[in-house]
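Structures for review follow.
Shared between the two complexes below is subunit A, which has subunit B as its partner in the first and subunit C in the second.
The block that comes next holds the complex of A and B.
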């Protein structure tokens, strides 16, 4: 994994349109719920533990789907069958797979992952999973708009990118695709998703409320370790069934987004 | 305490609904209640046979609504999720299957997260193609002026095998920043089926879902009554089935 490549992908200046979205901050400011640093902190913490955590999980899972080769059927969690399948795998692979490679096929529980699902099917299921977690049509549209913008950038920056998702995937799916194209792994995909959500919302608050940028960045620095924790957890669950992935609901973000979408004049698209 | 309740509703062949199983163990005591209001539906109230859920409880409710039947399930009062000594988590697992042409109305009173509680309520609803559902979830952060314990409602609803709603509503110390995302009281009412068709004029808190003929009505507020009022208003001017109404998916593929 290249640290500098991670910085390129996570940079707020990546031309992927992130500056056009406030992550719900504009609507929350208008509703009076964010008006100073403490209320911003509560919002950022709550957002990170709900939609930020879900975005990280789906980015990690999408990246994982695109960075592992399909292998013969092996059921996740079926530890009894694992040694047999592992031996079969090795035999099938004409010795091309090193012991380390076989080791990397096991997940955090020590069981073989279910790689029988093709990457494109997994990506489609993950995209469906975000739809099932996003009640607000305005938030679904905003997520797909950001996914489209990110993929447009990725196609130019990493032309070899594999995209089985069509032109309008949800933003976390596009983040996973981007990370895989850049040669990064699930944890970096998740970190990009959760950290990008945090800094995007924080910088929107600076612009909307005229908060002191130094104190807001001190807040981001305080919350950064939480991004690491969320990303590590997302990577550990990158192979879980879609219904088991994080689904923290933030009703106020949904309702705000629906109201915000009806405004005639607004600074941010969402 | 471990306890289980089972409800099975079937069409009686005369346009009504027969309850073929009404079984429960304390504190889950189902009681058949007045069906005079709606002769086609059977109604059951869950009567709290003990306090709770209390720490350590493992409760299960299993509901089957066979094709063509209509079951309404309510509770008689709010559930108070309470801690135990020594502390232990409590769980309530609800599984429901609803057949083609069948309707389930799951309309319980709110769950209140009492200080120190550690409660998980997990619901898995499987709807056949052509099933109808009203599914309400409400939670309240503590009794009056009380900081809440940990309360988590995990919900998965599938329609014709496809997941149409997956959400977790969580409050309490482990749900960081929850008050900025949910407020002191929060709730959702999921509508699936013909009456979920797009409402006109648009109601701001009634959101068409992407993966099926469904809409989620959401509300937050300072107390349970505010939330219930907003949920009821969101469902009030439900239109009759409109074959031209589109579910909320503006794009697939």
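The block that comes next holds the complex of A and C.
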């Protein structure tokens, strides 16, 4: 796994549309629920433990569906996750599952995982799973808009990316696709999802409230270990059935998103 | 959609209040009957510019798309153009073949310019009431835009702006790049700018104007 590639994917300057989404902060600021650092902190902690945790889980699972199982690196002992190439994905989807299963039983170094569902089916099921977990139609639309924007960037940055999801997947699915295309693994996909959700919302609060950027970044640094924990959990559950994956949601985020979408004047898309 | 020849995309940027939206409205009035055109607006208040165009009755509602920019209008036209590309492509998909798409920036400052990944040409609009020193200050907008529009010349005597100084400074900054003086009071059709736009639409593209690769769907479920 390349740390610098993880930074490329997680960089807030990646041209993937994130700057125009506040993660619910614009609506929460207007409602008076976020007005200073402590209220921002409680918002970010709540968001990370609900929608952030769900996004991390689905990003990890999507990445896992498109990568081989982690194997010990021959030289350094690092864990590597290799992206599936198109030929292997097609072979899997053409019903070569039993062959893959045999391969995974007989050769654990680089073998395709023992997969009871085909990768494209798994991706579709994961995408449906996010729909089921997202009560607000406005949030669903915002997630798909961000997924589309991320895939636009991925198609230009990693042209060999395998995308079984169509042009408008949910954002966590696109994050998993991006991570797989970049040669990253489920944990890094999850980390990108949960950390991006945290910093995107925090950055929106800085812009909307004029909060001291140093204190906000100190807050992000305090919450960084929580991002690591969420990402590790998500990676450990990357093969779980969709119905068993985290389903955290925050009712106020849903309600706020619906109201926000009807505003005559808004600065952020969501 | 024409796979090899998409609409010409022209960005219109410039400081707050310099008259970008009024210029877009004038261009729509002048060109809507001869070109298939649509507008993407990036005003920080999502619907305000779009509503202005609708009220002016210059373009049907379905030919105007508004984009939110998250308090950063320059980011949306330069550093992260994805929302604007989505809007442009959505218009082309929904309306069919177009000749021209105008992308209006939210009001920003003298350093805001459009990415070449978003537009083919850009117009920078400043106005005489902003001070006749603006062309001398330069900045990427004034210096590099394909067309500089110095707007509201009718106000020059009222604000003590010297148009001769502005013309001289603009030429010093811009070399051979064209500058146009405009007053939409005297010339509501913005004829010199409309002519420049017509030329851009008519000329063969210096590089093929291919569609951006949209997010690929490499393998169906």
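What we mean here is this: the second predicted complex is superposed on the first by the 224 of 270 C-alpha atoms of A that agree within 3 Å, B and C clash if a C-alpha of one lies under 4 Å from a C-alpha of the other, contacts with A are read in each partner's own complex, and residues count from 1 in each chain.
In this text, a residue touches a chain if its C-beta (ideal position, glycine included) is under 8 Å from a C-beta of that chain, and two chains touch if they have at least 3 such contacts.
Here the structure is a predicted model, which means the values were calculated and not measured.
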Practice task
Tell me which partner A:37 touches in the superposition: subunit B (first), subunit C (second), both or neither.
Solution key: neither
Exercise for the section: Please work out whether A:166 is in contact with subunit B alone, subunit C alone, both, or neither, and reply first, second, both or neither. Expected result: both
Practice task
Considering only the touch criterion stated at the top, classify A:13 as touching first (subunit B), second (subunit C), both, or neither.
Solution key: second
Practice task
Could you say whether A:135 touches subunit B, subunit C, both of them, or neither, answering first, second, both or neither?
Solution key: first
Practice task
Please work out whether A:220 is in contact with subunit B alone, subunit C alone, both, or neither, and reply first, second, both or neither.
Solution key: neither
Practice task
For A:155, select first, second, both or neither according to whether it touches subunit B, subunit C, the two together, or no partner.
Solution key: second
Handout entry: Which superposed partner A:145 touches (first subunit B, second subunit C, both, neither)
Key = second
Problem - Contact residues of subunit A, present in both the subunit B and the subunit C interface - result: 166, 168
Exercise for the section: Name, in rising order, each residue of subunit C that touches subunit A in their complex. Expected result: 44-48, 67-72, 75-76, 79-83, 85-86, 212-221
Practice task
Please name which positions on subunit A make contact with subunit C in the complex.
Solution key: 13-22, 86, 89-90, 93, 118, 120-121, 123-124, 145, 148-149, 151-156, 161-168, 204, 207-208, 264-269
Handout entry: Touching residues on subunit A, where the partner in the complex is subunit B
Key = 33, 39, 42-50, 128-129, 131-137, 140-141, 144, 166, 168, 226, 242-243, 246-255, 258-259, 262
Exercise for the section: Give every residue of subunit B touching subunit A within the complex, in rising order. Expected result: 154, 156, 162-170, 175-183, 186, 188, 204-205, 207-211, 216, 218-220, 248-251, 253
